[in-house]
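Take a look at this one; I'll ask things after.
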Amino acid sequence: MASIRRRGGSVSTTSISFPAMTLSYIALFAWTFVVLFPLYWLAVTALKTPLEVNGGPFYIPWRDFQPTLDSWHYIFFDLREDTFRPYTNTVVVGLTSTAITVLLGSMAAYALVRMRYQVGFGAIGSFVIALAIAVVVVVAGGPWPVGLVAGIAVFVLLLQTVARRFKRGVGNDDIAFWMISQRMLPPVATVIPIYIFFQQLQLLDTWAALIITYTAAHLPIVVWLMRDYFQSVPVELEESAAIDGASPYRIFRSIVLPLAVPGLVATFLFVLVFAWNEYLIALFLTSANAQTLPLTVAAQNATRGPQWWYMSVLILIMIGPVIAMAIALERYIAKGLLVGAVKG
Amino acid sequence: MSIHASPRALRASSWWRPVAARLDRFAGGVFILPAVLVILAFSIFPLLTSLYVSLSRLGFSEGGVQLKFVGFANYAKLLFGIDRPHFLGVSGPLTPIGIAVLVAIYGLFAFLLYRYARGPNLTVGGLVGRVLATAIAGALVWLVVNTILTSGRPGTLVVTLVYVAVDVSVQYLLGLGLALLVVQHLPGRRFFRVVFLLPMMITPVGVAYLFRMLVDTSKGPLYPLWAHFGLTDISWVTNPWGARLAVMVGDIWQWTPFIFIVLLAAIETLPHELVEAAVVDGANRLQVFWRITFPQILPATVTVVLIRIIEGFKIVDLPNVLTNGGPGTATESLTLHAYTIWRALDIGGSAAVAYMLLIVVTFVGISYVNLLRPRAAAA
Amino acid sequence: MSRILARALVLLVGVGVIAACSNGSNTSSNQSFSGTTIRVVTFTGPQIAEPLQRRAPDFEKATGAKVQIITVPFSDLYQKVLTDFSTKTNSYDATVFDPQWMGDYVPPGYLEDLTDRVKNDSALQWNDIAPFFRDFSATFKGKVYTIPLDGDFQMVYYRKDLLQKDGLKAPETWDDYISIAQHFQGKDLNGDGKPDYGSCLAMKRSAQSYWAWISIAAAYLQSQGTKQGAFFNTDTMQPLTNNPAAAAALTVYKQLSKIGPPEQLNQDVGDSRGLFVTGRCALSLDWGDIGPLAVDKTQSTVQDKVGAVILPGSKKVLDRSSNQLVDCNATLCPYATNGVNHSPFAAFGGWSGAINKAASAKVKDAAFAFLSYMSQPAQSSVDVTIGKTGFNPYRSSHFTNMGPWTASGMSDQAAKDYLGAIQSSLQSPNMVLDLRIPQTAFYQQTALDTALAQFLAGEISLSQTMTQITNQWNAKTDEIGRQSQLDAYRSSLSITK
């Protein structure tokens, strides 16, 4: 390990002059205020009665209004399991799908950075033909498993015969762009097909449906973000490990991943946040058992208009765990890295 | 952690050796296939289904649903039919400013094309691609200028373009600035690091309701401010640009952290020696940033901005909750447009809007990547 | 983090134990449905879902059927349930929904025909339900598909104290409404020193705006009873949206948009209610909800200061033969009072229970028993007096029995005013049935609502607005099929040849 130095964190090791520091703090605190004030408003709204919310702006508890825990009581005791059940669902679905997504995504990202792919047009063409056959089978009234099997059979057949003759193809960048392009269609257009998909698999209203969908939906983001981090990992380390006989898997696990920890942590946080907060897909894929918290938040706007006080409580208890996680993981983003390449 | 110690330990047992060797050979596939297969399974089917749906009309038949194929009718309605003012907007007579803007932008396009045509990298494919891209970009510019800089009004497409352009640029500038401030050796920087992340963690629906509370001019927390400037009587949220501003502020508030943290992590991974060497050479802060930091974080920049562009085009919760797309249709984004008619069961029309969005985003995404990737790679 | 998780787990286990205990104490009298579970879907309350959840254990005790109330956010209930039924997922056995949606649910046969069950269920006291809800709201093509649990129509609320002080009478016509609103606009109405507003309406887009407009337009459009219809010509399916009556209503609506809070264009019914019950508006147009809300001390500062009247009317109505606005006379406005035509608008239609046709026979029986149980006077006469339930009166017995009302905190006078307004609307033979044809959501929520929003925001002119609505409606009608839409419209109005 001697050849690798640990660094304390930031880039600028030059000392900062006093005026620059003052200006920096002014800017930082200004943005802190911008960020925190809305959250403060949530916090005080959660302590108000409806009358105080509708009556005009009241800012400071005990001075402007008498705080009450009515809303908290409603969420935790009146709603009880209607709060805790979605909460558990959100935690399970969020963490599981994020873990899977980050794992699969960083593998793919690493592969796209360090390996060269050439997907032949022949293979793509075979796939399209196979897909067309599957679609025709299903449209013609055949059951979908038959269509699936037929499609796969045709695909393998074509791939091993005709497709080999085509030399030209798409490379790594094209694969990456294809992946990210899967996020371009708004969920409103894809949610019904996904619903039917899981209905056929009898997986509606289960954790599995949400976990699988979120994994698929967020993989492109992980791939793109991790690609850049892996690119900044010095390739020399991997090369020397490879010369020592380490397998690609071992290099990935023992060298590349540890070096990309800040990126992994940042990416983990994003994907967790996305999965934690997703609304439309959760709405359609769940009904009684697997509902998640964003639905509970949105549901606070019903026939009587938004119930700000309940909504504020829900939002606060929703971001609690994510903030805790951010605080816990912040260390890793800040910790600095193994910098400096191999020396020898 | 030990890297060099035991790479061979795994290979000890004899049965493992052939399997491991085989696995190594297929490493390329093993690494990428899980992700590709998952994405493929969950994108092809919805993609094709919604394409078919966009060409058809939904009806309910005895005990089920039926899709009636109608060709391009849903698209025609948006581009030429009764939904054209809603989707594309209404254009008014061009003003001198509009003409000046058009001339300037078209001139720039022409210049760029000319430079490429006379340059050394000229290929037929490249030229065709650029001409095509310029034509589409020109059409979009024409649409924006004709509906915004005239007495007309923008449709949902233009409103979305405005959202994306303004939101992403402001978010990038803010996020970059904050990241640069936070990497400095300042006491308390870990506090800022966490605090700046907070807005991103709230569910988008929640952020939308939060901003609806904040912009309320009669009982919101900024009431004294509105009252001071006499804004309570004109209610800026019912003014088209005021409402759009409210939506954009919300979006910027929520997603600046995303850019902030990606750039922060990117700057943190920069090799120190480069900066130190430059400082020794007598470079000032600005020079260090432009010559070293910025080129080094360019790949991360390209990625994060691309992701924000793609996500930004899908903006829906803020306009939906804040104004429901009003006043009139002033704040309605494309996704909200699709969502509104989707809720009214016009699934085909909704899919057509979604596909128009897909086409525009794909165009913007490809142009953006082709424009910046080579530069990022060169850096 | 792990500690939080641990705590959550402990809480969850605790909740589970409590739930298990409460299930254990089940002593039964008549367990005819034991072992049956009814999955009922509605929106996330407390309104509507609360009484269903509260009464489910009693029902289980009585019959043995377990009722599971599933809730989804209000804004997506329609899509969610329709998707579930139409894709044959059938994860719900019954739904408490808006009967207006019957136009989409009944023709494809998703809902169970309840006609015979209703006839054979004496405990339901079907004839106690107000005729409008019995014969129109619950009925489609002459058959009963829903059981009313709530009576929804719009009324005008006014600040009795203010109007009395200034010697004004409750508005009879929309012109009265405007002049009263103008009178109070900008005055301080609740003593906090800030100027308040003459009238507060929900004019936000994609909210309740179009219902408010129809409430106004109805007075000009429909004068000869429910069967006349207020949306389309019942012979040609031509929209009634491009004529002097629609123009008059649009003009009134635009005027009202300027006599109110400056943010009115961005306010939904939640905002307008909040303003009204905190004393900031002299007038408002709303469903029955303001009545119980105004006496709720945690939300309201105007207890006993609120009066309610039937929707204002018009002295001129549309003569459909000449397509002109003409003065009311005995033949044109048979139901007019003092020459003023009132057309109370049953906006939304009142939450009602319906049963999924695809459910098994036993579950259907149990679901019907549950819906009937909820509607029976013993249960409903209490529920309609509780603000939290969101249920408003819809049975004759709800008006005769004043006990629960005064028990709920209304003064005698307030109860009389509130119920009087409801009763006079309910008994009106000229009540307007909300539009119930396939893709109603498009006609109202999308086409009409967007045009109104654009008109209020000044994006389009009066005549452009009327043309736009008419063209959009006609295009949709032709797309689906004019004849089938006409049949559906006539069915909804129970017009039989």
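So that you can tell them apart, the chains are marked A, B and C in the order they are listed, and the count of residues begins at 1 in each.
Definition applied: contacts are C-beta pairs under 8 Å (C-beta built on N, C-alpha and C of every residue); 3 or more make two chains touch, one makes a residue touch a chain.
Note that the structure is a prediction, hence the values are computed from the model and not measured.
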Farthest-lying chain, centroid of Cα atoms versus that of chain B: C
By number of C-beta contact pairs, the top two chains: A-B
Separation of mean Cα positions, chain C and chain A [Å, integer]: 40
Cα-centroid distance, chain A relative to chain B, in whole angstrom: 16
Per-residue multi-chain contacts in chain B, two or more chains: 218-219, 342
Interface hub residues of chain C, defined as touching at least two other chains: 75-76, 87, 274-275
Residues of chain A engaged with two or more neighbouring chains: 53-56, 192, 196, 298, 301, 306
Chain A residues within the chain B interface of the complex: 1, 7, 9-16, 21, 24-25, 27-28, 31-32, 34-39, 41-42, 45, 53-57, 59, 104-105, 107-108, 110-112, 115, 117, 131, 135, 173, 175, 177, 179-190, 192-194, 196-197, 212-213, 215-217, 219-221, 223-225, 227-229, 231-232, 237, 241, 244-250, 252, 254-255, 258, 262-263, 265-266, 269-270, 273, 276-277, 279, 293-294, 297-298, 301, 306, 308, 311, 314-315, 318-319, 322-323, 326-327, 330, 333-334, 336-337, 339-340
Touch list for chain B against partner chain A, complex: 1-4, 7-8, 10-11, 20, 23-24, 27-28, 30-32, 34-36, 38-39, 41-50, 53, 174, 177-178, 181-186, 189-190, 192-206, 209-214, 218-224, 253, 258, 261-262, 264-273, 275-276, 279, 293, 299-300, 303-304, 306-307, 310-311, 313-314, 316-317, 321, 334-335, 338-339, 342, 347, 350-351, 354-355, 357-358, 361-362, 365-366, 369, 373
Residues of chain A that touch chain C when the two form their complex: 49-51, 53-56, 80-82, 84, 87-88, 91, 192, 195-196, 199, 204-205, 283-284, 287-288, 295-296, 298-306, 320-321, 324-325, 328
In the complex with chain B, residue positions of chain C that touch it: 75-76, 78-79, 82, 86-88, 104, 107-110, 204-207, 261-266, 274-275, 357-358, 438-439, 441-442, 445-446, 450, 453-454, 456-459, 471-472, 475, 479-480
Residue ranges of chain C touching chain A (in the complex, touch as defined): 1, 4-5, 8, 11-12, 15, 19, 39, 41, 43-45, 47-48, 68, 70-76, 80, 83-84, 87, 89, 91-92, 192, 268-271, 273-275, 277-278, 289, 293, 298-301, 390
